[in-house]
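Going in written order, the chains are labelled A, B, C and D, and every chain counts its residues from 1.
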């Protein structure tokens, strides 16, 4: 089958972001989505540390230590962007003003529960950042992740075994194998990669899938 | 006796405002206090509609409709003053950042309860503005009022009969007859106007008074 | 290209539906979106709930909207004024409902709606008639009253300058309720004195980021010549 | 004349007492009051509760304060980082307490302290381990968790420019926690790149009004030449 690599997953997510959307891309894998937004469209990237209208990384040598993203990497500001403080920034997130956020995940459940901040491992030092605020606040939460762990276990599960980030918050899941919507009817498979049958996808997935009415191979 | 007029009460209040204080002067009578602040001292006047460092009324013809105080009269801004929105302005008030507010009153009780927003009259249209926020939030609430109503009744009472603005919030009362502190021991008379005995003041006052340790005629 | 500017007042107030809750900026005349309110009167929506610091003055603006019998309920802190006779008469006749809210609770409840807060404990009004029937709690030795967000369908606000992304700056004390109201409505409509090109507003001084603003309409200022000061 | 500027770091951090709760601005290096933290280390206060987004990086700043065993407890959203080894070791050894708070709750709890809010219902963390044991409530069909203010004795923040009344402006994303932390402490201490004369800051663009700031100290910027950009 034609498994998507990380950049291909990011490009697939980017296709679902309409012009004019206010979007937060979580740290790690989701940051890649920014590289695949069509350059002609005006999409507003929000960074939790107080930036709206965030632009791409600066040219080497033009980094500004006061202009970084949530992952603490140097970024730029688009013309028309602006700065604000943390409470205002999280008001945007928690008040339902962001259209879309894209998050990585350890696990997503059949009902859209998200686990992405802690493996719950004994002795691990927990860190949560803004993930729970995004999960609770964005109008649509998209998850972007590998379908399987390195050990080959499904990250889509009937019920999360890792500590939760949010309950019933995930709207759509993008993996290297498929695009899956979390709906009231269940996990609807919107797309499968070329050469992957529904049955094979189901076999690799730890929760019951259903074909979406409009489902088709990508 | 040497009853204080409104300007004299205002001047007396102004004497108790140290340099560097953040102060809100309520609409009506308390606004007069601004005219009596010593011009050499830096005292920061706050206006609930989003001004810190409010200055005096502008020269005639120099009024700006966008620069008004809480009573909707034209004002000016001192050098070093600034503007902010209503939630930030009331955060200053409610968060305990104002050192002093000066309010008018219908009644003040022996325990510092304040009634200054409604006479409770049937059919009256109530209006509260920011009075309850100031009463709840300022570090010190000063009340400035006539000692007696036009009908000759004491506005200092054992218990307020008018609807309350705040409970136990008043720290000091300035009237045309006296300056009185609300303390854990009771209403301590700090000052009486010339020619007014403690007994005569008590006779005119609807709550029990006690002489303050340092009490003296003004 | 995203362009939130609209050509005129009619377009700006389009879609405000009967029964809508509408936040209206301004404190006295400062920051009052007078032309948007006139547009709302012409547009015809009725049975409105209006949230404003006051309840109208004279015969214009909110008073005119009240006079036209379009308002079911007013949520405000200070209805009674020397020239609030339109509201006064309707209120006395039982033809408009009033929810009186201390001004700080008003601002904070609007902000809470914008910030996703479900409810908050406020010290203001504890022990007063305005807290009657409300949940209270003692926290760390202080008494508080539980207050809920004021969410709205529309906000009508007035700013000084705006750009096509909806970024706004205000002018002096006309800022007042504008920024918090912009956060709390599903559709925020801003009238501005001037529409400036994208990038003309310094990113450090934008007061209301465009994410909170949905329509921007230019209205020639009626202020004196000092407007650009 | 009111002059909140102080001559040096030592004077700026004077009086921070053992057992104090100290808010520390910054998100990564941006807005981190590095010189004030160094001053605090030299000053010697111990048994501190530190509120910061992170829990120190490398061997400098908050990490150095931790290494000097001055910190009893850290309240933060994101302690675990590639170079948070000082905190990690102390935490594993049980020598520092951690209160992990979602970043939005952290900012809002600090703001609540500054705004006089007794507690608030937040949607963040409902149903997660970080809400365990906390009061919850369903309001209008959504689930919320009750959170309390984070009040502090001191705030150490970094701004760009300040004046003698304590008015501050920030620079780009270095603004982050500074303005809310300034509201929440009994004594807010700001290090600034530049002290400007009163009136040099446009009243429209002041981000933190002087009422929230008690001491201002100039620290020569260690940033590149673009600092005035």
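Rule of thumb we're sticking to: a residue touches a chain if its C-beta (ideal position, glycine included) is under 8 Å from a C-beta of that chain, and two chains touch if they have at least 3 such contacts.
This one's a predicted model, so the numbers in the text were calculated from it and none came from an experiment.
Engineer: Removing chain A only, and moving nothing else, give me the connected sets of chains.
Structural biologist: In the absence of chain A, as far as touching goes, the chains form one piece.
Engineer: What is the set of chains touching both chain A and chain D?
Structural biologist: C
Engineer: Could you compare the number of C-beta pairs in contact for B-C with that for A-C and name the larger?
Structural biologist: Of the two interfaces, B-C and A-C, more C-beta pairs touch across B-C.
Engineer: Give the label of the chain whose average Cα location is farthest from that of chain B.
Structural biologist: A
Engineer: Taking each chain's centre as its mean C-alpha position, how far apart are chain A and chain B in Å?
Structural biologist: Distance between chain centres, rounded to whole Å: 55 Å.
Engineer: Determine the centre-to-centre distance between chain B and chain C, using the mean Cα coordinates as centres, and give it in whole Å.
Structural biologist: 29
Engineer: Provide the C-alpha centroid distance between chain C and chain D, rounded to the nearest whole angstrom.
Structural biologist: 32
Engineer: How many angstrom lie between the centres of chain A and chain C, each centre taken as the mean Cα position?
Structural biologist: Here chain A and chain C have centroids separated by 35 Å.
Engineer: Going through chain D residue by residue, note those that touch at least 2 other chains and give them in order.
Structural biologist: 108, 111, 115-117, 122-123, 170-172, 203-204
Engineer: Can you list the residues of chain A that touch 2 or more other chains?
Structural biologist: In chain A, 77, 83-84, 87, 90, 93-94, 136-137 touch at least two other chains.
Engineer: Testing understanding: with touching defined as stated, what is the shape of the graph linking the protein chains, line, ring, star, complete or other?
Structural biologist: other
Engineer: Taking the top-of-page definition of touch, could you list the pairs of chains it picks out?
Structural biologist: Taking the chains two at a time, the touching pairs are A-C, A-D, B-C, B-D, C-D.
Engineer: Of all residues in chain D, which touch chain C in the complex?
Structural biologist: By the definition above, chain D touches chain C via 108, 112, 115-123, 137, 139-140, 142, 144, 148, 169-172, 202-205.
Engineer: Looking at the complex, which residues from chain B come into contact with chain C?
Structural biologist: Interface residues on chain B, with respect to chain C: 47-51, 64-68, 72, 77, 83-87, 89-90, 93-94, 118, 123-133, 136-137, 163-167.
Engineer: Flag every residue of chain A that touches chain C in the complex, lowest number first.
Structural biologist: 19-20, 22, 42, 44, 46, 52-53, 77, 79-84, 87-88, 90-98, 136-137
Engineer: Within their complex, state which residues of chain D touch chain A.
Structural biologist: For this pair, the touching residues of chain D are 27-31, 77-81, 84, 87-88, 91-92, 98, 100-105, 107-108, 110-111, 122-130, 143, 170-180, 207, 223-224, 226, 229.
Engineer: Show me the residue ranges of chain C that touch chain A in the complex, using the header's touch definition.
Structural biologist: Residues 1-2, 111, 113-117, 163-165, 167, 183, 198-199, 201, 203-204, 206, 209-212.
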